[in-house]
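Below you'll find a set of structures to go through.
Each of the next two complexes has chain A plus one other chain: chain B in the first, chain C in the second.
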Partner chain A sequence: MTVALRVQQRGKRARRGFHLGRAARTSILALAGAYFLVPLLASARYALEGPHGSYTLAAVTALLHDSVLLQSLVTSLEIALGAAAITLALLTPTSVWVNLRVPGLRRSMEGLTLVPLVVPVVVVVLGIYGAFPSELVASPVLLAFEYVVLAMPYSYRAIDGGVQSLDLHTLVDAGRSLGGSWAQVFCRVLVPNLRSSLLGAAFITVAYSLGEFAMANLLSFTTFPTELYQIGTEQVSEATAVSVFALLLTFGVLLALSVLGKRSRRTSGVAGRPVEDPLAGVAADLAAEVEAVLGRADPGRPGIVHDGRSVP
Partner chain B sequence: MQGAPPKAAPPPARETRGAAHGSAGTGHAPIARGQLARRGSIRRAAGLVPFLSYLAVFLLVPSISVVSSAFETVGGGFTWSNISAALEGAYLVSFEKSLELSAISAGVSAVLGTVVAVALASTTNATVRRMVTSASAVFANTGGLPLAFAFIASLGNFGIVTKLLAAMGWSPYDHGFSIYTLTGLVVVYCYFLVPLMVLVMLPAVEGLRQEWFEVASLLGARRRDVWRHVGVPVLSPAFLAALMVLFADAFAAYATAEALTNGAIPLVPIQIGTLIQGNVLAGQQNVGDALGLGMIVVVAVAALLYARLQRKVARWQR
Partner chain C sequence: MRSEVVTIERGGTTRGAPAKDRTGVRVELVECVQRYGDVAALDRFSLAIEPGELVALLGPSGCGKTTALRVLAGLEQIDAGTVRIGGSDVTAVPPNRREIGMVFQAYSLFPNMSALDNVAFGLRLRKLDAVARRRRAGDLLELVGLSAQSGRFPHELSGGQQQRVALARALAVEPRVLLLDEPLSALDAKVRAQLRDEIRRVQLEMGITTLFVTHDQEEALSMADRVGVMASGRLQQLGSPDEVYERPVNAFVAEFVGSVSRVPATVGAGGWVEVLGGRVPLPASQSAFAPGTSVDVLIRPESLSVAPDPLGFAHVVRRSFLGPVMHVVVAMPGRFELLATLPSSSAAEIVVGSAVRVEASGAPLFVTAPRETGA
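Entry: the complex of A and B
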């Protein structure tokens, strides 16, 4: 009863404040939705366009037999997986270290990882030509290294969010006092607990690398996007077909990832998740116990049992 | 210091034990602890070395190289000629075009994005809000090739929307519109700038307190007055800060413009791209670097303004 009353009051208050009326906000959101959906639908239609307004998959199947394009896709996948591997190997220990040892630098680190957004890609390419040895500039390996930097603003956030939601000290103390080495604690306690954020960071890096065009084009590498560009200069509908397909795939996986991420955070903390690694399990139990004894029920710093629930 | 409990740091712990053995008395303890703290801070910084050196090699070194070559002749001597060449003729035009494009598209997107953010903040339906926010995050990162193709397919010469409008009796291409021009690029850039604006502005819009509007209306103010005297002044630092983000994003964008116009519009990134791909006049090899330096300066100014404004924003978001 009281709840219903309060809700009603809030509803009334909402209308009196800065909030827009229903008609206004619905039409604004609908217009925005149309602007964002029309180009997608149009390119899908364009990709499937046959003679005299019919639909055909000819453009798509033609590209499936294009061996240069398939080869470029393989190259791009290799670069993307390499970039994701380097990202995880470099940024995970860094984020754990910052949160554990120098939490005062957390904000500076966030700022630092945003710097790649500020330096235009074109400028980085200029500098690569000027500063790097020509063997490195000729090798696609360079792209993997650079994509780590370019995707860092997104990937570091994904990893750091996960690390911050863990009760790092308790986990590490528990693991260490059970006799685990640093490497063991890192690989068998922290990494399993960070699984979903690491997966997210890896995926963001892969998605970025598969779609990156400017740097690959300016460094004259044949990757999937640059090859698509080449095709697009002559056969627009074919290229559109593939790019629509790639775009929808990326959208789908990104959306699935954000939905899945939210769901798994809600339902399964570490304690609720089946634990494959015995050390991680013991450490988690111990951490919960230590926490219960110390009575550290600080909502600002959630414990291990309900770790992921308050990810920003 | 509170971040490093002794239990979590085995090497210092061992040293503490050693120090305790060495000095039976208690008098030396503070000195030992001071030394430890200093050694500890070096060790704590050491964990960042791999990350920092990676960033230095793959981001800092190229950037420094651009800045230094901008002032070098091909032989390696110091010169201003690259800079002056970058600030005249076709290159000056490209700076004007780039600034014009990024200012217009950032301004348009900022206004539209704020309107969407206000509409979104008014929505009580949690599903709609979550969907729009997720979609914004996805769309803000679209760009480059797929975006260019999508707009060619819809608003290009033979695009589907173009045909539809023509069938309805108003062909945009008969009225001076073309997707391959600066105006067209503004329409395309809005596709990733508006969602970015929504993401950046939403916290600020949600920070507007209902109470302010209520108090003002109790005191007899009309909605319009509350917006003018409370809403707009409170939102404007956040708005301007976001505008800087959009401006820098639009200014640095290369892929979309290149893919859409094949380099027909001489924006600065496209000029640099042309220079990189080998179309260089003799004696102007380092002009590209001077253009790059120009881009760094423009983006850095935007970033500085952003940092300034962000401090004002923080005041209202408590």
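Entry: the complex of A and C
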């Protein structure tokens, strides 16, 4: 066998391997896609199915006229964004402080943030409920704080991983020696360089908050998941439409946050201008949402069915 | 090297003007104590730097030199002592109000900012308007030869370029004191030599009082007006580079700065020391040793002569060619080795394994009790 022939055969084998590899990858991707998409499409089809095999938007139209549902959606979004803002405001300085000043506490902090995973939800609920100011227990702010705690095992790790990846001491010392106060160094040096981690923590908290049912139900708040459950007990096809909508909504919110982060990154990369604290913008928006939530913490607010004190 | 000088004045930049009207400030660390548990990083450490002077702190790892610099920067709080800048007590003043500029050993540029924005960062904190800020940052980047890289981000710059930007950034805020914490240690030899000259040139042009911490004695001796040698949190000696090299105050300084060979010897009568079969004068400053006392003599490599001698008791162990000179290590009968530096042109016959004769010439660098290793 000549060398040329052997090379040719080896090339064929390599190409066959490449094709097989690509086929395997495509198959796995298709299967995984089907696993996620088929139930979604089935739900969508069921929600749009009319009498005698026809399709109708009646269920979707009904949603748009359900003021309680829309209000619950707004409430859930406010709570989710508020929880994300509180998470960033509390955990970012904490992680920076621990890594900078008391690195010996790093392990303890990691352990502490895992507590919500091992303590039953009802205990967390009651603990926070008991510690909360009585004038606020009836407002969605309570729920936002509950979600901050429950999402902490994931959000803290996202932030702490970013903080640990920075040369924190050098950046802080450099910022301080150039005349920056602690707050200036934190906001102008650290936060922009933690953007990815902070967005990750915000994603996790928002996703968790938008989908949480048990605690909201336990505290008798009307949030999107509890309202969804309520509708499901009476109108199955509407509930299915809402489920699909909820999925798309969550995806949309996360996509919006992601695009926001990328836009900030692009701005800094092309123009070479200082990043104007990209996440500070997000944080400011989130803070505004929290303020809005706090400002509207009116127990008698229409659309929010609550009885905070009926917790067992 | 550029001949143009950029002087930075508060509120604006004047290009091409001489910097001699700008004077640095006096800096003092007085009896500073800094403890980490039982370890004293600074043990009643005192240092005074004259206006516009560049002092290099030299010492082994853990001797406290970086701590001294950080104390001066305000990044470490001392347990006792006083820090003065320009006559003012700044011991309790936070680092952001000490008007210092600092270049760190690690690359410390802010990753999210371009080179220009890094340099302008301190000016931005001082609320200088955007146009003046960018102009001054641009001038400083030009001063360090990086105008073309002003829009690049730190990850797009080499290590040497990053340290240049860091230097420009430190100078941008018109610091009263410039602090350099081993800024060249992460760079390769060629870039290090270039940047060394660059830093010295800029420091002289701006007339800024500078403290430079390094463990590289070549850097310290070549750059500094005065060199301080530290050990165990204390300043062992502070003097001009030649003073520290030629007239060390103790064995630690003698052995740490430059190379020496420690040779057993005996103090003879009449101010002589008997060493290597010959006699060399006992330094007048060390006449405390009584005749007959066994001592160790510390001798620089250039004070030893090595000559081929078939009857010699020493033999050559290894030799290293360093261009104009050659390092020759010779094994002596008393189970110790000597390092000699010879002109390469005269070392052709000094081959490994050959028998040689070794002689000391001139006064020894330092005479100490046998086996003494510290101050």
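Following the convention adopted for this analysis, the second predicted complex is superposed on the first by the 190 of 312 C-alpha atoms of A that agree within 3 Å, B and C clash if a C-alpha of one lies under 4 Å from a C-alpha of the other, contacts with A are read in each partner's own complex, and residues count from 1 in each chain.
Note that in this section a residue touches a chain if its C-beta (ideal position, glycine included) is under 8 Å from a C-beta of that chain, and two chains touch if they have at least 3 such contacts.
Source: prediction; values computed, not measured.
Asker: Just to be sure I read the superposition right, which of the two partners does A:171 touch: chain B = first, chain C = second, or both, or neither?
Answerer: Once the two structures are laid over each other on A, A:171 reaches chain C alone.
Asker: Tell me which partner A:55 touches in the superposition: chain B (first), chain C (second), both or neither.
Answerer: After superposition on chain A, A:55 lies in contact with neither partner.
Asker: By the touch definition at the top of the document, which applies to A:179: first (chain B), second (chain C), both, or neither?
Answerer: Second partner only, chain C.
Asker: What is the contact status of A:189 with respect to chain B (first) and chain C (second): first, second, both, or neither?
Answerer: The second partner, chain C, only.
Asker: Which partner, chain B or chain C, touches the larger number of chain A residues?
Answerer: Ranking chain B and chain C by residues of chain A touched puts B first.
Asker: Residues on chain A in contact with chain B in one complex and with chain C in the other?
Answerer: Of chain A, residues 173, 176-177 contact chain B in one complex and chain C in the other.
Asker: Over in the complex, which chain A residues touch chain C? Could you list them?
Answerer: Contacts found on chain A: 167, 170-171, 173-181, 184, 188-189, 192-193, 195, 268-269, 272-275.
Asker: Could you list, by residue number, the parts of chain B that touch chain A in their complex?
Answerer: Chain B reaches chain A through residues 3-5, 7-10, 44-45, 47-48, 50-51, 54-55, 58-59, 61-66, 69, 112, 115-116, 118-124, 128, 132, 134-135, 137-139, 141-142, 144-147, 149-155, 159-161, 190-191, 194-195, 208, 210, 213-214, 217, 226-227, 231, 248-249, 251-252, 254-255, 258-259, 262, 269, 272-273, 276-277, 288-289, 292, 295-296, 299-300, 303.
Asker: Residues of chain A touching chain B in their complex?
Answerer: 11, 13-14, 16-20, 24-25, 28-29, 32, 35-36, 38-40, 42-43, 45-47, 90-91, 93-94, 97-98, 100-105, 112, 115-132, 145-146, 148-149, 154, 169, 172-173, 176-177, 182, 208, 211-214, 217-218, 220, 225, 228-229, 232-233, 236, 239-240, 243-244, 246-247, 250-251, 254-255, 258-259
Asker: Where on chain C is chain A touching in the complex?
Answerer: The touching residues are 73-75, 94-97, 99-102, 104, 106-114, 116-117, 120-122, 124-126, 150-151, 153, 166, 169-170, 173, 179.
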